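Please see the structure below; I have some questions.
Chain naming follows the written order as A, B, C and D, and within any one chain the residues start at number 1.
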């Protein structure tokens, strides 16, 4: 038996982009494989071990149906460390975008009577169901952060991920501010960094794909966007595209001042 | 100080000579109305009228993110050669920019020296350039609108010539490398300089009263102003990143997949971040945003005075220009002064 | 005698799916390709969003073909507003899509399919015996990603391609750099092709197929076009894609299935080569000719070979595009301005797995009122079931395990992208 | 700007010096005493410090953190750090195998003003992990016994199992040249022979002359509060009350800004502050 950490890589409902990021580490993939004991990675390998205890399990995707929830809880039981990878797993992602209408209703409209054959639940992040030991957000996650995380985890440590806003990275890289210069609806001030301000680097406003930074001052962001002429519904749509389930983005907290 | 003149028609040629002293960096345009210091190949690329760049010159010497050393188990540490290898010539530093660097020089010297900053700084030539202030500049109030140390050469526009002050022997070398382009100062040059100097002084539109500010700040420690600014502030870090004299940083290790090699890095930090004053075990010495905002102003306007006898703000206006939520340092200080609440 | 074969979870395909086969009295009674990927209801979610938000949301239907989704989405938006993008934008978009094609095909061929043919559970296992081949596959995959990063700003879910054009243009240096890498990649894709040709392709799933693909515009082979070509003859305007993709709900699947005139049809690399292969040129043409008629034998297991041919094509075409861009020099252009108006538009692209349609309606304020997305895998599902049935019939005497692994092989040959397939459309 | 200068690594204050953990002594739950020795002979010989100073300890690959030196400069060669396991670096430290390499730089901070303390009575008041820096001062004073008048230690822990350096300190109770007062908030063992009650109750057991005594306090915030009250009640001058502050530190050498309190760097001007200075730091009021 090898003493290498036993790893499982799984996806719930989602685009599988975060698992693909793992496969996209073309230069490092063979090293990762060498340093770990990958027990199961259904997207990339057959014949995985679906029962053994795991040291680390990486999960991407959102919980949108009871099947996802069962699978997640089962993985939690098997895993020592459970890592949520990607904005879907961490915040609910695009599937959790709108929580206004009942999924069951839409399902009926879409699938007709056959819809009854499967159940859906309101899309939610992993942390709504199980304890999550580490969250790596991003839609998709950044390769560099993934590799950092893997290196730290193999070393028995949890990685320290950025805990500040995209603006910080935007300014470090000296991109002109789109909010100020162009009046774009940029979510950089409230979105957690780690992407090196990818969108502003292409002259595009941040759409918040990494989810909110801790203690984001949402109400100030909303106020300043209103001053720039955006309608409340446009602002709300934008704010809740990737992290509709986040507490800080619920309507009540948009009004109150947050921890000034 | 040696003072000479450079006719504007010789400017491009002079810039051409500078490349033998290092890679030339000067303000160029980025985006619709922003500027950055970046490498230039010749004088035509330089935006001489740029008022302020997004980032100040600190970015060259105190990098936004840098490897302090690489490590490998059993093999010790290796400092990246990038720290010390490159020579650059920075052209177009405004007086406030140079003051900013002078302040960082003080901070990074002292009982312990920051070898990264100092090594890079020692390999750079600084050529200053006068500027015309805009509404956001208040360097007259911070007394940083004029500079007399910290540059190798300093150019002041006096019409069809530049008046050139030579600050160091390196500056003199640069002049000598293109000796034929320079002339002695004539009477009309002196007159022109003085005239321009008054014109420039009169063009300042923004003033704040800073002399007794430390005392006022102590007095208004509990002011509502901090609460208000705390509510507006996004904690996005922009003001600190763009400030010429914000120098806080954080240190962290990065490990390679092999688990034994990696690097220690540092990156610019900002006292407005939630985790800035957090210690292990969870106690946060500045848990509220208002207390963090207050700290930024205190450090610049109050603490620095106690430590170095002057505020560290150089009145460049960057923090106001770049703050997404529009917080204006001048406004905050004015409010603090007029605060009457008990 | 009753027997059933159930494959709970298909591995090495993107998403969650399974296969159920019921055998009664030695005859195949039922064959189902089960899709239990959770539905994400993308189309209603995007209703009410402004036109510029649509692509960033809908590209997230799928990670592997997010470049194709992005471009199809942008084309549909522009079509609705009656905007023409510049030739430069069209070229850059094509380059982005070619990059996606290279990445996806490399991933499928080297990481998912070759292990199948050689009897390995994964590329990881394959690497212990065939390290060089796996490395080559990874390098080709990386090449596709590098193109997407350079043009789209990110390998997955591009940020730089926007309505009307691009946020930032690549530099000449970046393009020349890409070209150098592509030249190296071309060599590798040729050896990759040889490797694929050396594989024994069994013929247990051979049966007549109807193929559909965009009829490439212009003289060359391509991934874009305004017309849909069908192997039954004739072409149709992409605006009438609904006539071909007649979606219906089936009980065992969260994805809908498409039928053309009541018959299953296939899309993807094999379909494209069947319909447009005559237009191939260069090394890709040589490769196609080498395979000859076997490509058209009705054996879907040849899809991998078709992908290998396409990989050569995509690399050659990318070089061509870069040469074209560099020869005229990049124009520092901004995205074309948009005039909002109420309207409906359709965009179609050949994604790695086949034709992808996006179709939207907007109100006069540029807010989306209706969206419809038809993915290649959704179109292929019925055909997959058809092939599974044929296979079971041919294999019925074999032991269960062997049938199972062969059925999985059939499904994987289609390179299905299950999360893509699970989307939503309004009935009635 | 003028003379290009390549700084040698000797001048680089951020480079940890290679050292090794030669022994670990478990103390109480999640607290261990690490005995560390530099790899290089010259470092062992040249490393001198004052009680109250701290070092930056690197667990290479995980990071760096500040720790007070618990040993005394009177016993050179080995540096002792008493560490509580609480986060990334300390976790990694606790997991290191015997004889593992670590990095040390320092000593940093002002330490206790020994020149002032000498010739006076010493009153050391510690709570919990606050014993770490005070143990250095205590040992120093005992090794230089003649330089000090009375030496009094008051140390409180939650219960006997939470007492750092317990056996070492219990021995001191018997010793004539030091008054060692130990207390626990509660005694869960039933075996505890010394005092029970919060630290301040110990003040009733010692006679203290505020005019020729220096008090050094270190412990949790809440303890500070009560001990200060007690001292001020006894007319202690604010200049004669010394306290050790804890702040976030990333560099230890007065650059990174994190440990700034008001306008003082805890790492340069502290961590030992007298009470007057401390109350004059804006953030301490």
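The rule is simple: a contact is a pair of C-beta atoms (placed from the backbone, for glycine too) under 8 Å apart; a residue touches a chain by one contact, two chains touch by 3 or more.
These figures come from a predicted structure and were not determined experimentally.
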(request) Please find which chain has its CA centre nearest to the centre of all protein CA atoms in view. (result) A
(request) Go through A-D and A-C and name the pair with more C-beta contacts between its chains. (result) A-C
(request) Average the CA atoms of each chain to get its centre, and name the chain whose centre is farthest from that of subunit C. (result) D
(request) Express in whole angstrom the distance between the two chain centres, defined as the mean CA positions of subunit A and subunit D. (result) 43
(request) Starting from the mean Cα coordinates of subunit C and subunit D, work out the distance between those two points in Å. (result) 65
(request) Averaged over CA atoms, how far is the centre of subunit B from the centre of subunit C? Could you give it in whole Å? (result) 52
(request) Report the inter-chain centroid distance for subunit A and subunit C in whole angstrom, where each centroid is the mean of the CA atoms. (result) 25
(request) Specify, in ascending order, the residues of subunit A that touch 2 or more different other chains. (result) 155, 160, 203
(request) Would you please write down the residue numbers of subunit B that are in contact with two or more other chains? (result) 252, 255, 259, 262
(message) For subunit D, give me the residues that contact two or more of the other chains.
(response) 61-62
(message) Once the touch criterion is applied, which pairs of chains come out as touching?
(response) A-B, A-C, A-D, B-D
(request) Using the touch rule from the top, collect the residues of subunit A that touch subunit B in their complex. (result) 28, 31-32, 35, 147-148, 150-152, 154-155, 160, 163-165, 167-168, 170-177, 179-182, 186, 188-190, 203, 213-217, 219-221, 223-224, 257, 259-260
(request) Flag every residue of subunit A that touches subunit D in the complex, lowest number first. (result) 155-158, 160
(request) Spell out the residues on subunit A that touch subunit C in their complex, using ranges where they run on. (result) 11-18, 20-21, 23-24, 26-27, 29-30, 33, 38, 41-48, 62-65, 67-68, 93-95, 97-98, 101, 103, 106-107, 109-112, 114-115, 117-118, 120, 123, 139-140, 198-199, 201-204, 207, 209, 233-234, 237-238, 241
(request) Quick one: which bits of subunit C touch subunit A in the complex? Just the residue numbers, please. (result) 9, 11-16, 36-42, 44-45, 48-50, 53, 56-57, 60-64, 66, 107, 111-112, 121-125, 127, 134-135, 138-139, 141-142, 145, 153-157, 159-160, 162, 166-168, 249-252, 254, 408, 419, 424-427
(request) In the complex, go through subunit B and note every residue touching subunit A. (result) 30-34, 36, 53-55, 59, 64-65, 227, 230-238, 241-242, 252, 254-259, 262, 267-268, 270, 273-275, 287-290, 321-322, 324-326
